[in-house]
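Heads up, there are several structures right after this.
Presented sequentially are two complexes of chain A, the first with chain B as partner and the second with chain C.
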Partner chain A sequence: MINIFYNEWRCFLRNKLFIFFTSFFIILLIVVTYFAIIQNNKQIQSQNEAHNHIRSQWDEIDSTNAHSAAHFGTYAFKSNTILNSLDEGINSVTGVVLRLEGHKQNDVAFSEISQSLEISKFGKLKPSLLFQFIIPLFLIFLSFNSYTSEIASGRLKLLIIQGDSLLKIVFAKIVTILSLSFLLLFLSIFIQYTFNFSSLSFDEILRLVIFFFAYIIYYFIIITLTILLSILFKKSISSLSTMIIVWLLWTVFLPKTIGNFTESISPLPTRFELKSDMKEDRSKGIDGHNPSDERRYQLEKETLEKYNVDSLSQLPINFSGILLQADEEYGNKVWDKHFGNVYSILKEQKRNYQLSGLINPFASIQSLSTGSCGTDLIHHLDFLSKAEIYRRYFVKKLNNEYTFVSTKGENAYLSDNVFFKSINDFNYSTPNFSSVLYYYLYDIIFLFSWILFLIFFVILKSRKLII
Partner chain B sequence: MIELKNIYKSFNSNIVLNNLSIKVNSGEIYGLLGANGAGKSTTLNMLLGFLDQDSGTINMIDNKGSTVTSKDGVGYIPENVNLYPYLTGVENLDYFSKIAGLKFTTDQLCNFLLECGLKELDFNKPMSEYSKGMKQKVGIAIAYAKNAKIYLLDEPASGLDPLSSNDLSLLLKKMSKKGATILMASHDIFRVRETCDKIGILKQGTLVKEMFSKDVSSLELESLYLEYMKN
Partner chain C sequence: MNLNIFLYEAIHFTRSKAKLYSYLFFMSICMLSIFNAYKISNKQTQTILNINEQKEIENQKVLDWFDKSNKGPDDKSWINVEDPYWAIRSTSTYVVKEPSPLMPLGIGQSTQFGFYKKVNRWSSTYDDDIVEEISNYERLINGNIDFSFLIIFLLPVLIIIMTYNINGLEKDFSFHKLISIQNNQVKLWVFTRLIFYLILVLFSVNFLILTVGFFNSGISNIKSVLNLILLSNLYIILFFVVFYFLNTNGKSSSSIAFKMISVWLLFCVIIPGSVHQYVSFQYPVNYMTDFLDVNRKRTYDIFKLDNSNLYTKLLDIHPEISLNKDSLEINLDNKKIRRSISSIVNQMNVDAANEIERQNEEKNRLIRFTYIFNPVSYVQNMWNSCTSTDYDSYKKFRIKLKESIQLRNELLVLEIWKEQKVDKESYQEYLKVLN
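Entry: the complex of A and B
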């Protein structure tokens, strides 16, 4: 097998067309990876600057009323990871900045302005675009006649007469072309590693390894299927045209069709439905700004009993703050109910889409690629959850200040800068991959199933093949 | 020795070989003459192990009485030798020899090519620059270097000029004298008559005539062949 592998590479390296295209891909990959890293680092820097700016604004806030500060709010930044430069996933669409304030939960904002360009509909030129769409095509073009050319030239017979087995020949060809994809992937990872050597954490290295092997498996599937088709059809043109159709199905038609299907079986409420349902549920709760609300009196009664006083003026605390926090907590329950449902549906949609990996390994590689880079829905929901937890901490801290420090409830009471500085900042960190690995088990299982399935068929066809 | 006994083979109810029996003794060269579609290539493919017969038996045995398999003891020369175009003649020979588990020095490889009639000047040219005859000579060298017990040749002289064709005859005779068993399928009546010890005429899968080449002249063989083909 090593002889065939060596010979295949020797022939590749003497083929000018191969040298041209491979050089083109190598240069393209270096350029794309380099610029993606530069762009990503700039984004990280801009985000850090914005984050620091927002925090310094907060830290330098003049003495003000705590409740006004809750309305003033702050921002949660979903900082780009280093691996965002490989596959930015849904980050550029969903946005990366969330405004946090009292009374309400906001949507994520500030997606990249470049997304508004028409050209962005084709996807940005990131390494993942090359890895998922362009390199597989290159591999298909390298694989489709690697076996049939041996039959057509009569070399296959000669190789078998000389003592090689058909299976060995087929696998040597698969491994040869796979080694090229290995080289292209490794190059990109190596550049990534070199430029970010000092800032890569263990988890990011683990993610890079998973990213690398996921693509190697995907390329093995592409190459083996192409060669298997050429074994079945025995004609280069038939295997090429069939594989191109398969590639289109995998990358264009199936993702759209299955995406629509998963949305139809697990539909999300419309924004209007969600807002009106939340409004309705919220109206059953306590409105902190509406003292005429009957439920207010229940809370007032309980508070008076708790402090063993007869009137609000005798309370050692600010009752308005109690009301605000109660309203906040009720709002949180409403939010948890509705957005918890939305998150469940989103996760269900993702899981159902992942199940399509059984017939479409592209779905699995997409999921693993964005997952390992920390730029998929699972990581986005993690950010939203952590940001919401922080928002609750943030608002509660302000409400407590309003309740227990401005004890007489005077709106004119101003908390000083020392207090505002004491509120912790929100610093999002991507979860360790091991903690979210179970979300990608389907992808891993399906990719390995594809490998086993293809190896089984290659062995079967190689045994029964009539040359 | 090669022995085919009562071989039947059909493809989709189309009988390709009909009760074919051929015996080629060790050290003998057998020429199988026949028109296109007579069953020559099917016979070779069965001997090579690429096809199974519907019925009948095939035996390939070396001088010591051991069974020879297509992989370890058979040399094969196809009609069209299309080796790797980006490799030189020497590199192609080296590669195919390595596949057979044989490792030769460059000098040894060059000697094989020389013996098979390739000019020294052409050894290190890429095969894409070779003529059909030159490619054929490298193909012959691959089979020759294997030092097989049995050689199966499918139109081996195809594309060779008369001189090279004569060299091939001499080479095959040299190999048979060393004890190799050679079965050669061809259209070339003259070359078969010159090279082979025994000749069989195959028509629509049936061996219609078998003779020793010493018993017929080339002209007699030609008229006999034409007679069988016309009837």
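Entry: the complex of A and C
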């Protein structure tokens, strides 16, 4: 088998067209990966500057009312991971700025895609675009006649006479073409590793490894299927045209149709419906600025009993702060109910889409690629959840201060700068891949199923084939 | 042109299962895409209907207060709708962008922008409640089955499937010399065969565009429909011209297919992708810190100003208010000035939003500049423009929104300063002005 492998490579290297395209892809990958890293680092720097700018404003707050500071709020900026330069996933369509303030949860705004005219339907020219769309096509063109040309030239018979089995020959061809994709992938990962050597954590290295092997498996599927089709059709052109149609179905048509289908089987509420429902639920609760609410009365009674006083003016604390925190907690419950539902629908849609990996391995590779780079829906929802947890911490801290701050004297209700500075900053970190791995089990299972299925068919066809 | 060759190609097409089924499959997904876009358009229309209904209910509630001589809701004693400040605050106003009647022919960027916004005196054109509808971001990345996408990106592939073996198959089987003997001009023979597919494709595309255009909007959008036809036809012809040269010069069908796919990849994927990456490098995602500053820090700074400073700022924006009172002391009325602050903040928001628009425009200028070598993005944006689903259409929506916010603040300030008691008629007048 090793001899066939070497021989295949020797043949490849004698082919000028192969040399040209391989060189082209190597140069393209180096350039694309390098520029993607530079662009991503620029983006990370820009995000850090925005973050520091906003935090410095917070740190400079003078003596002020803590509730007023809760309205002043802060911002969470969605950060790019280092691996965003490999596959930016959904980052161009999600917003990047989230305002965190008292009383309400805001939507993440200012997506990149809404800041300009439309440019590319397939995304930026990042390594993922090459890995998902272009390299598979290149592999198809390398594989479609690798078997049929052997029959046409009579070399296949010669090899079999010399003692090689057909199965061995077919697998040697698959491994040869796969080794090329291995080289291209390795090159890109190596550049990624070299340029980010100092900032890569163990988790990111693990993600890179998963990214690498996921694509190797996908390429194995592409190459094996193309060769299998050429065995089945016995004509190069039939296997080529069929494989191009399969490629189109996998990469362009099925992701769109299945995406639409998953959305129609688990529909999301419109923003208007969601807001109306939340408003209605919220209005049933305590409105921090509405003194006639029944719950407010109950809370007032409980507080007076707790402090053993008869009126609010006798309280050693600021009752408004308690009221605001109670309203906040009620609002959080409403948010958890409605957005919890939206998040679970989104996850259900993702799961349903992942199931399409059974017929479309592209869905699995896409999911694993964005998942390993931390740029998919799961990571985005994680960012939103952590930002909301921070918002709750932030507002509670301010409400507590507002409750227990002195209510008398010249500085009544005012908190000083030391207090505001003491509030922790929001620093988002991507979850460890091992903690989210279970979201990608379907993808891993389907990719392996495809491998087993194809190997089984190649073995079956090779045994039945009469040369 | 030889009619026999043309007719032979028609027969070949109907007998070639791969070509015929590919064509029929493509036409089916075109219809599916139109149906899908209808659904999106109808969903937007339904949301707008709900908004209007909600708006009517809210405004009617205030009108009922006037009828019953109530000054506001029972549980909010501080509200007095006879006061212009509360009356204007109680008007429910939305600015919406109605879905274009041609949206079924191109969803464009419509899923990336919000299409309605409730306006209050603190609103701005970049508020976070004006973002796109709740949707699955992973689906947004993959995109919708959209008619414009099918024509711009998939139709060339259909053309490849139908034409890759013209003059290539003959070379594969080495009877191309026979063709040369039978037809003096091989190029004309290739051209005639290609013309059949060109006519087939143009007829199919034009039929769908015209049907949807007339069915959905009659002749009111005839100009846009004709523009779409012109644009799509020129685009398709362009691909046929390129493929003609590949067919005439190809050495075998696999070589022609490879070259055709490479052309498609180059123009539809690689060039737009490279431009996208370059533009992103030149203009990274805007975190809009200037706008955030206005929205937060500078707004809070405004609140810290004393009445005299605020009044000066208000006079700059609304010089009319000085005419209503003759004494500066009265003008420095704390309540009126504090209630007018939103107008000063709005002016700052407008300035910050204009700066964002300017930055976005710079980015767009760079994108337009690349149209010279990036024709697919040009066609895509032109198409979106015809279906009113492009960036500029949503920019117009933001301008409309800006005017509405400005109008509300202007009305608020002037009416506060007039100090007139509001009755049902004047409230209805407010509604007319603000809607």
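Convention: the second predicted complex is superposed on the first by the 456 of 467 C-alpha atoms of A that agree within 3 Å, B and C clash if a C-alpha of one lies under 4 Å from a C-alpha of the other, contacts with A are read in each partner's own complex, and residues count from 1 in each chain.
The rule we apply is simple: a residue touches a chain if its C-beta (ideal position, glycine included) is under 8 Å from a C-beta of that chain, and two chains touch if they have at least 3 such contacts.
Every value quoted in this text rests on a predicted model; they were computed, and no experiment measured them.
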Chain A as common anchor, with chain B and chain C clashing or fitting: fit
Partner chain in contact with A:R155 - chain B first, chain C second, else both or neither: first
Chain B versus chain C as contact partner of A:D164, first or second or both or neither: first
Most chain A residues touched (candidates chain B, chain C): C
Partner chain(s) touched by A:H380 [first = chain B, second = chain C, both, neither]: second
Angle at the Cα centre of chain A, taken between the Cα centres of chain B and chain C once the superposition is applied, in steps of 10 degrees: 100
Which superposed partner A:F77 touches (first chain B, second chain C, both, neither): second
Which of chain B and chain C A:R14 touches, first, second, both or neither: first
Touching partner for A:F213 - first (chain B), second (chain C), both, neither: neither
Partner chain(s) touched by A:Y343 [first = chain B, second = chain C, both, neither]: neither
Superposed arrangement (fit on chain A Cα atoms) - minimum chain B/chain C Cα distance in Å: 17
Contact footprint of chain B on chain A as seen in their complex: 3-4, 7, 10-11, 14-15, 152-155, 157-164, 466-467
Touching residues (chain side chain B, partner chain A) in the complex: 45, 48, 50-51, 70-72, 74-76, 78, 80-84, 86-87, 91, 95-101, 126, 139, 142, 146
Residue ranges of chain A in contact with chain C within the complex: 32, 35-36, 38-39, 42-43, 46-47, 49-50, 53-54, 57, 72-73, 75, 77, 89-90, 92-99, 106-126, 129, 133-134, 137, 141, 144-145, 236-237, 240-241, 244-245, 248, 252-253, 255-257, 259-260, 262-263, 268-274, 276, 290, 292-293, 342, 346, 349-350, 353, 370, 376-377, 380
Chain A-facing residues of chain C, complex: 18, 22, 29, 32, 36, 43, 47, 50-51, 54, 75-76, 108-109, 112-114, 116, 126-145, 149, 152-154, 157, 161, 164-165, 172, 253-254, 257-258, 261, 265, 268-270, 272-277, 279-281, 283-289, 292-293, 296-297, 300, 360, 363-364, 367-368, 377, 380-381, 384, 390-392, 394
